[in-house]
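Pasting a structure here, questions to come.
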């Protein structure tokens, strides 16, 4: 499966990533992929990733432009985004 | 005692009075003058006055630019006003 | 605090721009513009005449802003209300409130409008296809004002 | 319904004037303007950078207006939100709602702002005398949004 991931605000700045295309083998893990499982996968990249995605910072996720919670399922072709709580207005 | 009276909106239009100076003898009646007593006094002028001031129309009173209720006391030199419920904004 | 009663129209953009520059720590400006509707109670309105009580009007409007000040922290407030002869889509009233944050500015602006509607000495007369008629005070406006008695802030 | 995300400033007077002429039976226009404060949490702010999530932002803002539509009768709503680099007293956001009567327009405008603050993907970074900092989401904004869950209308 292929997904696109976007990072915003403090995450983008600290991870030095604004977007990436991620390809995963179509196995049982990918079949059951959720926001939380994707966070855990990405967190393995380094301590900084671990801190940013599973640390003190509250990270919100979106799938295809909709805010979702940690248990939301991700499927092939999805656009996923991670960002801190919003502060506009 | 001398007072000034203003009439507004439907009252002004129907009574054909916008303002008048009223002089009353300084007797017990004047000493105890209230909004309601003044209405009753003016209502004696004609059926139209009776209808306008003591009829179905809710008439609000003001003394010296402050909204007051029927029992508010009127003293020498006061500016009194009678008008229907307000409809601005 | 600014209160103006006038026959001339007003420029909302200009007024809000003035208000938001009163203080550099202003974060929120809430405004209400009321205008003449071409329809009222199902009838087509061609003109609206607004009468007021000069002297008392200004005092009543300032009193309403002062009441709002005792309830919420806001920086400045502006009321402009037109009188005289108006036609549909003409602006009638502008109420604007500036403050550090939005919640207080929203509350104060709505409070000022609810009290203006029920305590400021203005009276409207409409011209419709059936002739002239004085508008009746609405019970919904009294109820809107009474909401504020029930809330602490 | 109009939703715009842009780097350029906007003209509040022009926008409100457009909105109030959408329908001739419009009686009320309520608006909110948010601007950059020169002070935040006691620190002097010299710049503010606003980042957003293109695509999602517009969808989120339209969704918020649609949610408001299910609760109140209003005619039209407008949201303009700036992104990019701003300085104190610059305008950030305009939310405006038009309707027949004021109560619905006030409620809808306040509702849209409360949800914009907590659900629309914008992030602010401030430059102060101590350097740059990302703003933290405020609990008061979450509470402001939760008020709407408790009220029927």
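In order of appearance the chains are A, B, C and D, and numbering begins at 1 in each one.
Following the convention adopted for this analysis, contacts are C-beta pairs under 8 Å (C-beta built on N, C-alpha and C of every residue); 3 or more make two chains touch, one makes a residue touch a chain.
Here the structure is a predicted model, which is why all the values come from computation and not from measurement.
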| item | value |
| --- | --- |
| Joint neighbours of chain D and chain C, given as chain labels | none |
| Inter-centroid spacing, chain D versus chain A (mean Cα positions, whole Å) | 27 |
| Intercentroid distance (Cα basis), chain C paired with chain A, Å | 48 |
| Rounded Å distance, chain A centre to chain B centre (Cα mean) | 73 |
| Residues within chain A bordering two or more other chains | 89 |
| Chain D residues counted as touching two or more neighbouring chains | 34, 102, 113 |
| Chain-to-chain touches, reported pairwise for every pair that qualifies | A-D, B-C, C-D |
| Chain D residues touching chain C - in the complex, by the definition given at the top | 11-14, 16-17, 20-21, 24-39, 88-89, 91, 100, 102-103, 105-106, 109-110, 113, 140, 144 |
| Chain D contact footprint on chain A (complex, rising order) | 6, 8-10, 12, 58, 62, 65-67, 81, 83-89 |
| Complex contact set, residues of chain D against chain A | 34, 50-53, 55-56, 59-60, 81, 92-93, 113, 116-125, 134-138 |
